[in-house]
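In what follows, a structure is listed as C-alpha cells, so that the remarks can point back to it.
Every chain is named by a letter (A, B, C and D) in the order it is written, and numbering of its residues begins at 1.
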Amino acid sequence: MNIAVIGLGYWGPNLVRNFLGNPNVTSVTICDKNTERLEAAARKFPGIKTETDVDKIYADPTITAVAIATPVYTHYNLARKALESGKHVIMEKPFTRTVQEAEDLITIAEHFGLTLMVDHTFLFTGAVQKMKEIIDEGKIGDVMYFDSVRANLGLFQPDVNVIWDLAPHDISILNYLVQARPIAVSATGMKHYYGMENIAYMTVFYDEHIIAHFHVNWLSPVKIRTICVGGSDKMIYYDDMQTSEKVRVYDKGVNLNSKEGEYDLRVQYRAGDMWAPQTSNKEALAEVAAHFIHCIKTGEKPICDGYAGRDVTAILEAAERSIKNSGQKVALPSSVSGLPAPERISSFIIEKV
Amino acid sequence: MNIAVIGLGYWGPNLVRNFLGNPNVTSVTICDKNTERLEAAARKFPGIKTETDVDKIYADPTITAVAIATPVYTHYNLARKALESGKHVIMEKPFTRTVQEAEDLITIAEHFGLTLMVDHTFLFTGAVQKMKEIIDEGKIGDVMYFDSVRANLGLFQPDVNVIWDLAPHDISILNYLVQARPIAVSATGMKHYYGMENIAYMTVFYDEHIIAHFHVNWLSPVKIRTICVGGSDKMIYYDDMQTSEKVRVYDKGVNLNSKEGEYDLRVQYRAGDMWAPQTSNKEALAEVAAHFIHCIKTGEKPICDGYAGRDVTAILEAAERSIKNSGQKVALPSSVSGLPAPERISSFIIEKV
Amino acid sequence: MNIAVIGLGYWGPNLVRNFLGNPNVTSVTICDKNTERLEAAARKFPGIKTETDVDKIYADPTITAVAIATPVYTHYNLARKALESGKHVIMEKPFTRTVQEAEDLITIAEHFGLTLMVDHTFLFTGAVQKMKEIIDEGKIGDVMYFDSVRANLGLFQPDVNVIWDLAPHDISILNYLVQARPIAVSATGMKHYYGMENIAYMTVFYDEHIIAHFHVNWLSPVKIRTICVGGSDKMIYYDDMQTSEKVRVYDKGVNLNSKEGEYDLRVQYRAGDMWAPQTSNKEALAEVAAHFIHCIKTGEKPICDGYAGRDVTAILEAAERSIKNSGQKVALPSSVSGLPAPERISSFIIEKV
Amino acid sequence: MNIAVIGLGYWGPNLVRNFLGNPNVTSVTICDKNTERLEAAARKFPGIKTETDVDKIYADPTITAVAIATPVYTHYNLARKALESGKHVIMEKPFTRTVQEAEDLITIAEHFGLTLMVDHTFLFTGAVQKMKEIIDEGKIGDVMYFDSVRANLGLFQPDVNVIWDLAPHDISILNYLVQARPIAVSATGMKHYYGMENIAYMTVFYDEHIIAHFHVNWLSPVKIRTICVGGSDKMIYYDDMQTSEKVRVYDKGVNLNSKEGEYDLRVQYRAGDMWAPQTSNKEALAEVAAHFIHCIKTGEKPICDGYAGRDVTAILEAAERSIKNSGQKVALPSSVSGLPAPERISSFIIEKV
C-alpha cells in the first residue's frame, strides 16, 4: 500500500516515520508547498518521494490513502478532494472547524465506501487502552465525573486557541471512555497576548449524573497532564507525566447510609488499596497507523472515525460560543452521541501486555 | 484577656488549643449545647471552663472576645448577639450565608468599635505569606491568572455544598494576593449523592486581563491542594501537599515579538531557573489567634476583617446562583472590592523566617 | 496501672501523652533531674505528678512500670535498678551501649519475671505491619536484599554518632521483617564536624543469599526514608515521606532461563502491576504503649523484647568497630539471632484496617 | 572526516546516529562480526557502509577515527590495534579491564600523538555541566560527601557485574566534579542469580574529609538515579528521573557553635532557599561526538581522556577485590589522581543555555 502524508509541520514527520515502519506500507510520498520543509523531511528519510503539488497526489492512482496533517482551516477542502479522488483519509485533530464540515466529509466517505479516520493518538496509548478495559469491565462502577488538566508552557498556535489545540486530546478520551451522550457545554477563558485564548476551562453536561471538566493552558510553569475518572465504586487517576505507573486505580469512594436530605448525614468513606496496572509501552502512533491500515483492508470502522471526530468538533464549537458569552450554556446538536459505536469498540482493545 | 470558643465540632478544639497557647490569654471558656462534645473537649483541656448556654457567655463581663465555630446558618445570629454584648468576634469561615448578613455585622461592629475578624487561616501560613511578599514586591509582574485545585476524599458536609465548604480558603487567598476587583462569576457543579454539590468549578472574571478559576472536589481519590499564580514575568506554583518547597517560583513566561493578529506569530518562551524560597513553619492558627488579639489591643483592622469575609461570601453566593443556571455569568455587587485595605496589609506580613 | 516516664527530652513527652491516652493507665509520674524540663512538661499535662529523684520512683510501690527515655549511656544503670526494684521496663532505643549490658538486663528481667521491652516504634506503624504481613504470607518469595536510607538535615546528637542515632529504627525493621540470622557487618563513615560520624553506610551479611544495607545521614538536604525489600517473586518499596501509598508492592523480578554461567544468558524481566495496600493510620506510639501494657498483664513477650534490642545493639557495636577499620568485616556474636521469636510474632500483627 | 563504529549492540547505533548528525563527519562505516546486527543497523541508516572484518577498517587510510562499542574484554586489543593503525579512538565505558591495560593504551596514544577518549556520556549532560559550573564557582563550599544511587530493574550483563556496568557513570561524574585524590575503596555486594554481583555498594575514601558512596542495583523495582553532593555551604541534589528541575541546589547546612567534643553541643541548622537552575537539553551523546572531533582537530585533550578512563578502571578493580573480601579496604594505585587535568576542564564547560 502506498501512502501520502500531506503537511510536514510538527506532526507530519512522525506520521511518515510510523507509516514507513509499518510492514503493509510499500512506499510513502510526502507533500508540502513549503519546499524547505519538504527538503528537511527528505533528508531524514532518504529515498522518500516528494511532491509540492497536492493535486498530483490525488491524481496518482497508485496512492491508496492520504494522511492530512495541515492547519485545521485547510482540512475540509483537502479531505473532500482526497475522498472524491478515491483515497482513504486519516486526518490530524481537530477534524474540522464545524460540525457541518465534519458531517459532509462523513457523508462523502460513506458514499464512496472509503475509510475516514481522525488521528486521536491518545486513544492508542497503553494508558488509555488500559483505562478503557477497566471501565468497560465495570470495575469502577458508574462514571460520575471526568476531570482533565492539560497544561504546559508554550506552543502558542497562530490560528487556533488553546481549546482547539489541546482539548481534542482530552475530549476524544472522554468520549472513548464514558458511554454517555453529552448535551451542553459551558466554557470560560482568557486571551492574554493576542486574539486567541491561551487559558480555558470547559464543563460538559450530560443527561445523567455525570460532569466532565477540562482545563487547558498554554501558560503553565509546570507541565501537567492528568485525567481523573471518578466512578461509583473506584476511581482512576491517570498522570501522563509519571515515568511509570501512569494509571492508578483507587478503591476509594463514599457510601451514604442515611436518607437523602436528612440532616444527620452518615457518609462513610472507603479508602482501600491502590492498584497500578502494567500498561503497554508501544508507540501510540504506530498503533494508529496499523489501525488505519487494518480498517482500509477489512472495511471495519475505525474507533476514531468521522463520527468521533464530529463529536469532538461539536464540543469545541460549543465551547468557543460559550467562552464568548462568559460561560453561558450552549446546547450540543442532538446528532452528537459522544459514543464510539459498540461494534467498533468490541473489535479493538489492543492485546494485553 | 478571657476568650470563649463557641462550637466544639471539628475546628473548635484547634481554636481552644491555640488561644490557650497565647501568652495574652488568661483563660478560655468553651461553649456547646452538645454536652458530649463539651465533655470530650474538657478532657483534652483539663481545668477549662465549660458552658452550655451561650447567653451566659454573652452576659459574662469578664469575657472580652468570642470565637464562633458553629455551622454557618447560625453565624449571623450568634455574631450579632456577641457584638451587641460588646464582645470582639472572630468567626469561622464561611463568614455568613449572604452579603446582606455580612454587611449588617460589619455595620454593627463598626458602630460599637469592636474587632470583627474572619478566620481565613490559610492567609497566615508561611506559604501564602511568602507568596504575598513575592507578588507585592513585583517579582512576578502583573498577575494574569490564578488557578486553584482543592480536592480530596470525603468530609461531605450536611448543610453546605463543596463550594461553601472548600472554596472560602482559596477565594480568601485570591483576594489577598491579587489586587484587582472581581466583577462576575460563572460556576458549574454536580450533586452525585444528595442535595448538595460535591464537585464544582468556578471562574471569577475581572475588568482587567485576569482570570481566576477554582476546582473544589469532595470525591477525589488523590488529595490535591495547588494554586498557580501566572504573572507576566514569573509564575508561582504552590503545592500544599509537598512536605518541603511548597512554594516554587518559575522564571518562565512568554515574549511576543510580532504584531497582534499577525499570522506568522513569533512567540518566544523563557524557561529559566526555578526558586523555592524558605517559608515559615509556624502553625497558622497560632498566628490567627495572635493577630486577632493584636487587633483587639491596638484597634487595627485585621487583614481578614468583615469586608474580606463579605467579599468571599459574595463570590460564594454568586457561584451558587450560577451553578443553578449551568454556568451563566452572575455579576458581583459593586460593593465587592476583592481587596484587603492597603493599611491592613502594610501592617502585616509576618516577619521573615 | 501507674507508670513513670524517666527523661523528658525530645521523646519523653510523647511517651507521657500516649500513656495518658491509654485506658489501662491510672496515672503517669514524670521524672527528670532538670527542673526546667520537668516544669515545661508539667504545663503541657496539668495535674501530672512530677519527681526529680529517680530513686523515689523506684521506691514507690504503687508504680508498676517505668519508661526510660534518657541518653543511652545511662540506660544500663537506670534499667538495672528499675528491674531490681520490681518495675517492668520499656527502654528507648538504642537499648544499651553493648551486647554485654543488654544480656545482663535480659537475665535480670527473666530472673524477676518482669517485662523488658525496647521501644522500636517503627515496628508498630501501619506500614511496617503491612510489610510484615505481606512477607510472612510469602507474597514476595524469598528475601534477597534489604536496602534502607534514612537521611535528613540535622539533629546532630552530642553523645552518639549517626549510626547509633538513626540505624536502630532500620535494623529493628530488618530483624522484624527478614527471618534470617545476620553474621557480620561492614561499615564506613565520615566525621565532618567533631568526633562523631554524621554520615555512614553499613552492610549486614548473612549465611544465605541475603544482603542488607543502610545509609544513615544527618547532613542531607532532602529528607529521605525509604526501605526496599527485594524478593524473588515481588518487591516492596516503602517510602515513609509519601503522604499516602507509603507501601508499594511491585510484581517485578527476573527469571533466568539458561544454565548458570552460560555466556549467552537469557534473563527475562517481569514488569507487572504495582499494588499499594491500605495501611493503618493509628499512631505507632499508642500501639507501643498498648503492647507494653498488654505484655505486662499477660506475661507475653513483647515483639521487641530484650533479645530484639540486644540484636540491634550487636549490629551497632560491630558497625562502629568496622568504621574504625575502613569497612573491614566484623563478625557478630553467635548469640545474635536477628529473629523475633515465632510465638511473639504470631500473637501480634495488629488487626487489619 | 570518516569515522567507523565498531560493535552494534545496545549503544553502537546511538553513536552512529550522532556521528551522522555531526557536520564534520563525511561518512560513517559500521562494523560487526554479527551480520544480523550489521544488517539491522544498515536498515536504520540507509546508504551506510558496512564491514564485518575489523582489520579492513584499520587498514583503510580514509578512516580517521574509530568508536569502539564492543564488550569490555575486547577493548584492549581493539584499541591497541586501532591506535597502532593511526586511528584516533573513542572507547565505550568501562575503558579497560585493568589499570595496566589503560596505561598501555595511554602510552601508545601519546607515542603516536593520537586522541584517546572514553565515552563518559553523563559528563556531557546539561545537569552534570551545570553541577560542575556551580561547584567550580565555589558556590557549595568544600565538598564533604558524594552519594550516588543508580538502580533499576534489569539489563543483567553476561560478562560484567553491576559495578562494571553501572558505576562507571557515577565514578566518572565523581572524578569530574570532586577535585580530590581518592586513595582507597571498600565495597560489598551480592550475587543472587549467577556468578556476577547484581547489587553492590562501594565507598571511596580520600585523604581529606570527603567520602563518596555508590549504590548500584540491577534488581530494583523503582528506577532511581540520584547524586547528592554535600558541600560545607550548600548541597546539590541531582535526580535524573525528574522530567524538569533535575538539579536542585539547597542553601542548607550546619553551623557548629561550640568547642569540639563539648557535651552541650550547639548545632545550628541553616535551612534556606532551594534553587533549580535551568539546564541544557542538548543530547549528551551529540556533545560527546562533537568534543571528540574537536579534540582530534585541535589536539586538545578530551575532558574524559585515557587518564580519566584509567582512574575509573582503578576504582572498579579495587571495588571488585574489596567485594571478594567482604568490604576490606583496598588501596588505589598512587598514579590515580581522580582529577581531570585543569587545562582540559578550563577549555570546556559547554556554553550556558
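We adopt the following convention: a residue touches a chain if its C-beta (ideal position, glycine included) is under 8 Å from a C-beta of that chain, and two chains touch if they have at least 3 such contacts.
Note that this is a predicted model, so its numbers are computed, not measured.
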Interface copy of B-C among A-D, A-B or B-D, with over half of contact pairs matching by residue number, is A-D
Note, CA centroid farthest from chain D's centroid sits on chain B
The larger set of C-beta contacts, choosing between A-C and A-D, lies at A-C
Cα centre of chain C to Cα centre of chain D, whole Å, reads 39
Note: chain D sits from chain A at a C-alpha centroid distance in Å of 42
Dist(centroid_CA(chain A), centroid_CA(chain C)) in Å evaluates to 53
Chain B touches at least 2 other chains through residues 222, 271, 274
Per the touch rule, the chain C residues reaching chain B in their complex are 46-47, 222-223, 241, 243-244
Listed in rising order, chain D residues that touch chain B in their complex are 245, 251, 271-278
Chain B contacts chain A in the complex at 144-145, 147, 153-154, 156, 158-159, 184, 186, 188-195, 199, 201, 203, 205, 209-211, 213, 215, 217-222, 228, 230, 235, 237, 248, 250, 252-254, 256, 260-265, 267, 269, 271, 274, 322, 325-329
